[in-house]
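Common to both upcoming complexes is chain A, partnered first by chain B, then by chain C.
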Partner chain A sequence: MGLNRNVSLKTALRYKGQGPFLTYILHRIGGMGMAIFITTHILATFLEGRGWKIGHIVNFVYVSPFFQAFFIFCVLFHAINGMRITILDLFPGLILHHRRAIMIEWILFIVLYGFAVVSIITTAIARLA
Partner chain B sequence: MEITIKIFRYNPEKDTRGHYETYVVEGDENDRVLDVLEHVKGKTDGSLAFRRSCAHGVCGSDAMRINGRNHLACKTLVRDVGSNITVEPVLGLKVKKDLIVDMDPFFDNYKKMLPYLINDSPLPEDGKERLQSPEQRARFDESTKCILCAACTTSCPSYWANDQYYGPAAIVAAHRFIFDSRDEGASERLHILSETDGTARCHTAYNCTEACPRDIKITKAIGEVKMAMVTGKLD
Partner chain C sequence: MTQAKARTLSLSKRGMSFETFMWLFTRLTALGMYAFILVGVIGALVMGARNQMTFIEVLRWALVTNPGHVAYTNVADIAPWESVFWRLVASGMFLTASSHGMHGVIVILDDYLGGISQRKWIRILNLAAYFIIAPIGLYVIWTA
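This part shows the complex of A and B:
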């Protein structure tokens, strides 16, 4: 007798693991975002090749600045966070400074993502004009 | 001061699922959450069930989620978590009653790490202890502090997803012996940890390190075990 051990996604996300846990969650969201993009991109290209309209619609979504901003977020965060994890895995002694490493990661991410978003917005405005 | 404490309740004889009950008690900001729970149990609702033993952060009985995060109730002061407190059982283990969870799977994983000294070599000539330098002792000093409260394992998202994963506490127990210069069972333990449910399931979320009431750098210990598995070196 007893309650099941299963931990729902909602319960898991409610756990207050603070900064490191947030990067863990965002890393997975980034990975999922990329996997979904690549799958639908291949599918859209295939459908477009067959002359199906759905392929155009999917590609229309991809060129929207909002989607691009989301996709760049996924790629950049996943890459930078992945680099931090790899470095700390290779040099376990540095794990003592993991909070500082996460801070550096965020600074790097915000700077690079800021440039990317500015570039996406200016391109979108130029396209409208 | 008035303390409002919302407690997860589950009675296996009556309930099919858990629910929360809220109690308002008079207390002090320097009270521990354990004191508040004792107050509720002693003066308001004697049916409340939770584990406690030493009440001084040594026995590791009272690990629970306090305001959404794993803590020992006896080491958490009201002033640190505020006067609105939510107390729930730790995640990833079956709830037996209220805040009491089934610790058997946790200890099963612990036992798989062979948490005892393995040394078949004959004793030193004087027949006394196997000597060790302070530096050799310092190598695994951190991991000797573990009190097996399960705060780390039950804060680990990999363990939430899969209870076959040995979990951080078990790996810390293995670390304690792997890096002990007197022990000769390192390769056996590293072999166990190289299995699917071993260190490969650690995705460095750091929840374990953040949750540890003994401030053990658990992720570092796991990293050192991973490195020992890759390089085969224990220095």
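This part shows the complex of A and C:
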């Protein structure tokens, strides 16, 4: 990682790169989302084990269906997009087909994420019953 | 229309700088995490998840195979899920994911923060956070 790059946040947000840029930015949002979630979840579980109420409150929010839907979005998108990046990077000859790879990625993501959201809702309803 | 051939450079010609090493590290840790998730899913199915857990519960277990992640499911006997093997898998997944994530957060913040001193501080703070969170995470996994 070099220290000489100089792209401001304003310039970065103005960049319009269409489909590939959307996956790029969602990959970063998903990664940051997971990093924040995992850090706070670990700290909350640790504090909950020590009898601190704040830990229980944080983990209670994390098991809510709305939060799970957001978190699974981060995980699945980051994992599927990461797999595409890894495959294209390790087999550079496939880079010519990167737009097709993005299309396949979206189909895979929509199917898996749709299934996951249905599962989150049905599991939440079953717990209420 | 003919497509141009992708230009590639072998690793020996490219050289192994710190940047190349971290680029490779990110890809290899990603592959490692896919392997851990696969082991978690297969293990869950072998231990009876098909009849006792929903899809989302299996996913949550597979991400980190911590026995606390099956606490709210219909699993009757939790004993097989809290074995040393699953705690080792959870520790491996956690350390792989956290080191991958720490590097990822540094890369993202590097792109959006301008000053050299800011970037150096981001690295120092991220490394410090990693060395504080990693032992706490392992403690949670082994005492859950």
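FYI, the second predicted complex is superposed on the first by the 119 of 129 C-alpha atoms of A that agree within 3 Å, B and C clash if a C-alpha of one lies under 4 Å from a C-alpha of the other, contacts with A are read in each partner's own complex, and residues count from 1 in each chain.
Definition applied: contacts are C-beta pairs under 8 Å (C-beta built on N, C-alpha and C of every residue); 3 or more make two chains touch, one makes a residue touch a chain.
For clarity, every value in this text was computed on a predicted model and none was experimentally measured.
Judged by the touch definition given at the top, the superposed model places A:R127 against chain C, while chain B stays out of reach.
In the superposed model, A:M32 makes contact with chain C only, not with chain B.
By the document's definition of touching, of the two partners only chain B reaches A:F21; chain C does not.
Contacts of A:F115 after superposition: chain C is touched, whereas chain B is not reached.
Judged by the number of chain A residues each one touches, C leads among chain B and chain C. In the superposed pair of complexes, A:I95 makes contact with chain B and with chain C alike. When both complexes are aligned on chain A by C-alpha atoms, chain A residues 1-5, 7, 12, 85, 89, 92-93, 95-96 touch chain B in the first and chain C in the second.
Interface residues of chain A facing chain B in the complex, by the touch rule stated above, are 1-5, 7, 11-12, 14-18, 20-21, 24, 85, 88-89, 92-93, 95-96, 98. Touching chain C in their complex are the following residues of chain A: 1-9, 12, 28, 31-32, 34-35, 38-39, 42-43, 45-46, 49, 63, 68, 72, 75, 79, 82-83, 85-86, 89-90, 92-96, 115-116, 119-120, 122-123, 126-127. The residues of chain B lying in touch with chain A in their complex are 10, 12, 17-18, 65, 67-69, 91-97, 102, 105, 155, 157, 160-161, 163, 203-207, 209-211, 217, 219-220, 223-224, 226-227. Of all residues in chain C, those touching chain A in their complex are 3-8, 18-19, 22-23, 27, 30-31, 33-34, 37, 54-57, 59, 63, 68, 72, 97-98, 101-102, 104-108, 110-112, 114, 116, 119-120, 129, 133, 136-137, 139-140, 143-144.
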